[in-house]
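See the structures that follow.
Note that chain A is present in both complexes that follow, paired respectively with chain B and with chain C.
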Partner chain A sequence: MSGPLDWRFMDIVAERSGQPIATCYQCRKCTAGCPTAFVMDYDPAQIVHMVQMGQRNALLSSQAIWMCVGCETCGTRCPNGICVGRINDALRQMAVEEGVRVGAPAVYQFHRSFLNNLRRFGRVHEISMIVEYKLRSLDLLSNLDLGAKMLLARKLPPLPQRIRGRQEVARIFETAGAQGPAKPPEEQP
Partner chain B sequence: MPAKAKAHRIGLFVCHCGLNIAGTVDIPQVLDAFRDEPGVLVSVDYKYMCSEPGQELIRRKIAEEKLDGVVVAACSPTMHEATFRRNAESAGLNPYRVEIANIREQVSWVHAKDPDAATRKAIEVIRTIIEKVRYDEELLPFTLPVVRRALVIGGGIAGIQAALDIAAAGFPVLLVEREARLGGRMAQLSGTYFNFESAGDLLAQKLEALRARPEITVLTESEVESLNGYVGNFTVRIRRRGEDQPREESVGAIVVATGFDLYPLERLPEYGAGAVPDVISGLEMEAMLRPDGPTGGRILRPSDGRPPREVVFVQCAGSRDPQHAMPYCSKICCMYTAKQARLFRRQCPDGQAYVFYIDIRSGGKGAEEFVQAAMEEERVLYLRGKVSRIFRDGDKVMVWGADTLSGQQVEIAADLVVLATAVVPRQDARELAQRLRVGTDMHGFFNEAHPKLRPVESLTAGIYLAGAAQGPKDIPETLSQAGAAAAKVLSLFSRHELVQEPTIAWVDPELCSACQLCVPACPYEARRPHPWKPVVTVNAALCQGCGACAMVCPNKASKLRNYTPEQVLAMVDVLFAPAKAQEGT
Partner chain C sequence: MSRAYAFYPGCTLHSTGVEYGVSARAVCRALGVELVEIEDWNCCGASSAHSLGGELADALPARNILLAQPQARDIAIPCAACYGRLSSADRRLREDEAFRRQMEEITGREYAGAARPRALLDILTSDFPPEELRARLRRPLAGLQPVSYYGCLLLRPPQIAGGWDDTEHPVKLDRLLGLLGAEPRPWTYATDCCGASMTLNRGDVVARLVGRLVDAAEDAGANCIVTACPLCQANLDGRQGRRPQPMPVFYVTELLGLAMGLEEVIGLFGRHIVDPRPLLRRLGLLP
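So, the complex of A and B:
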């Protein structure tokens, strides 16, 4: 096991995620229903248990917290009312705040590209988002055929759509940014 | 002796037991086999002979055909012999002229894969039993007086409760306790789950009630030395420590409530073998948690007297370990470990409690909630896995375990380790069981007569069981069983006389040569040489009809009623008669 057990970690994560983590008795129903557990290095039930054990480093540098798509199936089914997705949100925030080496960099870059795009246009504009993601991840050549197909099927509009609530969306980002990550995303590895 | 008129109007009643028998044994073929049997007037079958219509059928046939003997081919006699005998008696037939041919346990169930052989065997079994009935005597049961005074062995909470309940009905009770004071294990406990109520206070209430009962005589520092007699009429010898002469007492019923021991730490080498001072048992933890205990209720490390900050609780220490210790679950540890961990956390708010467990078994009212509260309210960390090693490392106690839920090895530098050691029988439980002639299981817990239907009785009539002597139990369960045992005693005491089975041994004075081989053969001390005549006599009250005397008697002078050598030989004869006939052809 890496590092000593730290029982105070659970209280921090519980408060941050708003989840009653201490109540988990490891029935593993969350894991049984999780659509992305198969690509996780720790499955959802293990994540909860490792939070209880205080395994901060292992969790914050894990790839699992980035593989969660936040579908909240876990939380819907949990007999103790724990949403592991919310715990993963909290853990991701903590990982970013603490500058931990992210366990799944591509997922992190995708999140950044998506949010930047959303902040800029109020609604996602796929082509510019993909361009940003490709530049961030330096993964320039993958999925080109898929992109071509989508273009031909007119699924990727050339220009961003102007939506009415742009200012409101921008204000959401301002508010969230003020409470959210202390460091700007560009400083992240 | 009753007149020896052979039964010659016998009825055969074959039970299907649903498909239990009829699914394997060819019933029509069985009935056919006895169609022309001499002396057998009736042979009928029915789906469930033990049901009321089935019994009514038997009663009707007894009346119509004036039957003087009945054979019921059905399940084992331990199931329904009494039922069918009672039924026949109500129709005017002597109940000892009713016999069971066991064609279920001994035939259909064991030969289910060979129906033809099963059918043949069923016919053979029935034929021999018909032969037995022909020679059965019409016997009369006799009665013996009941000594309406109980003996309770063990002055823990089980014995105390049993004694209180018996005394409450007005009957005298002798409560024998080995130690100098009453209370047993409960006197060693601190707060109890679920509400942390003090065990000492609860016990004090019971002891107060005990003192208020003039019917109860308490004998401390005393042990049962020997037991003779039988239900309703036991003679018990009790020796008090330091006294030369044991006292002899008469009692009619006995409750065994001798409690339990804990698996010794010394026999857990991987957990320090009792040599690490800061590795203690659950009972030692209880002592520290008791306000009147050696530490005044404070948890302190035995090594240096300092309060521990990190405490590891290890469940199943010696339980569920068939290779090294006891194979069973000790049942109470999940709950008391949660309780102790919670009490520790309340004493030490910035400390941490870890519990290593294999499974958490918290069944029943309030139990699951109590354990969950340990996790939620006291932040006790439960780690799933059995600890593999505990050893001293300077000031700390190192605990090597695993957490199967996260798939990691875990190492904890603890200040104190509490082992939930297995609940085991009292060291000398087997000796006591032998003295009382009751059974124990493979570990030494007293055996109940039936695990479901007779959970508080031993297999010896008049001896009942209460508390952890019978198996691991917590306080509420112990009180329930003690109350139930008392109810059994009281139903015995509700009668002045007990009916005895007449199917016991007797000695034919014409044949007996007074060789006395039967005297030591009798396990019930029911046989004694006649003071002056050259014969051995049988004490009918003590004889249980086991037949050991009949086995050893060289003259066949010692016989069991309705199981005489003549009967057995006649049964053997008919069993081999068809074979002989075949050899002849």
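So, the complex of A and C:
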């Protein structure tokens, strides 16, 4: 862990995530059930503790907050009603807003490509979304074998479905605020 | 008897989850159930909207809830992620007046609380008396030994998605499969997450999660896995890598269709990544 402590951090994250972070007493049930804890630099219980301890910089640049798959296991089992997944959502959004170099660029680029595609068509079109993701992440060679199998099984339609209500979707993106992926503060490497 | 539901297919039912869409529609038709697709529905935002978008996570699915209001019917949702997002949005529309007004203004439609989001698996296991299903069976699934796999979001978080089956030890899918003549195997991984939302960007992590699930299914003595989510199925089916004996992964609606003898469902098995037909032939379940 590094960087200055930010003693307002817990209140800010608690407010944004809607989670009662101060009540955590480190029973670690969240971590015991987390499917991706093995690949995190800080595990879920550590994330909560670090929020309590004002470790803003270490958390916002961590890989862990991007490795959460949002499976809701932690929140379902927490005796104090804390969902670490919601905390991770808030931390990710803060990292993007503050222009922090994100700890897992590929995950960030995937979410961004997904939302851009959704905004363009109203529904997600896999092929164009994957192309955008690959160009953004420069992760060009992964999953080609699976993609070929999916194409052979006719599971990746060539054309997108455009909905009529794209204007409404555009307005939803606008009113949802600046957190959307439309204008990231900094291009990620 | 006529029964009808509003239908929110979600993006994957036209692509990687095509077998789910075809089999769900075929089974419902055979059961005399009408699925009325919500007109002009949009993507629910899935994991990406709540990861990056804050308010987007409820606002995108809320449009679909509003579009479904005139139908005034429960919304049948085949995908676990869509189900979770629409359930969260419906709750928000009910409880947060400012949010509701804003969404009503954007979409020009009124919220009446008349279209409750429900998982398709909930509908299939709660709304049909066993006798009714039994009367439709043509080919009992004898010899099929599945494990029931719910994955993450069909029942979590319990305050939003739960209530229709036990959160940690769900039983309804096992019961349904038993009714179809299969012999479901007990295991403790029914609600463990398969990691589908990272399948494109962290294939290594996902391969490990899928490997663990398939290992556990083997240890339980299963010969197949049954899902009720297009993300789970595509992930489990597509991410077994070079496993010497990959395990077939079915949609619950495919097995219903097979047991009911529906031709259009039987034609779907050739589109799986792990071909289930050798297993089905060995058990004498394919015509």
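As a convention for this text, the second predicted complex is superposed on the first by the 164 of 189 C-alpha atoms of A that agree within 3 Å, B and C clash if a C-alpha of one lies under 4 Å from a C-alpha of the other, contacts with A are read in each partner's own complex, and residues count from 1 in each chain.
Throughout what follows, contacts are C-beta pairs under 8 Å (C-beta built on N, C-alpha and C of every residue); 3 or more make two chains touch, one makes a residue touch a chain.
Quick caveat, the model's predicted, so the values are computed rather than measured.
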Would you check which partner chain A:G70 touches, where first means chain B only, second means chain C only, and both and neither mean what they say?
-> second
Which of the two partners, first being chain B and second being chain C, lies in contact with A:T23: first, second, both, or neither?
-> first
Examine A:F9 and indicate which partner it touches, taking first as chain B and second as chain C; both and neither are also allowed.
-> neither
Answer with first, second, both or neither: which of chain B and chain C does A:I130 touch in the superposed model?
-> second
Hey, is it chain B or chain C that touches more of chain A?
-> C
In the overlay, answer first, second, both or neither for which of chain B and chain C A:K149 touches.
-> second
Examine A:Q52 and indicate which partner it touches, taking first as chain B and second as chain C; both and neither are also allowed.
-> first
Kindly list the residues of chain A that each of chain B and chain C touches, one partner per complex.
-> none
Chain B residues touching chain A in their complex are 352, 354, 360, 372, 375-376, 379, 381, 383-384, 403, 405-413
Please name which positions on chain A make contact with chain C in the complex.
-> 35-36, 38-39, 67, 69-73, 75-76, 83, 89, 92-93, 96, 104, 106-112, 114-115, 118, 122-126, 130, 133, 137, 139, 142-143, 146, 149-150, 153-157, 161, 163-165, 168-169, 171-173, 175-177, 179-181
Name, in rising order, each residue of chain C that touches chain A in their complex.
-> 11, 14-16, 18, 40-43, 45-57, 59-60, 63, 84, 102, 106-107, 152-153, 156-158, 167, 191-193, 195-198, 200-203, 205, 208-209, 238-239, 271-273
Within their complex, state which residues of chain A touch chain B.
-> 1, 4-5, 7, 10-11, 20, 22-23, 25-26, 42, 45-46, 49-50, 52-53, 55
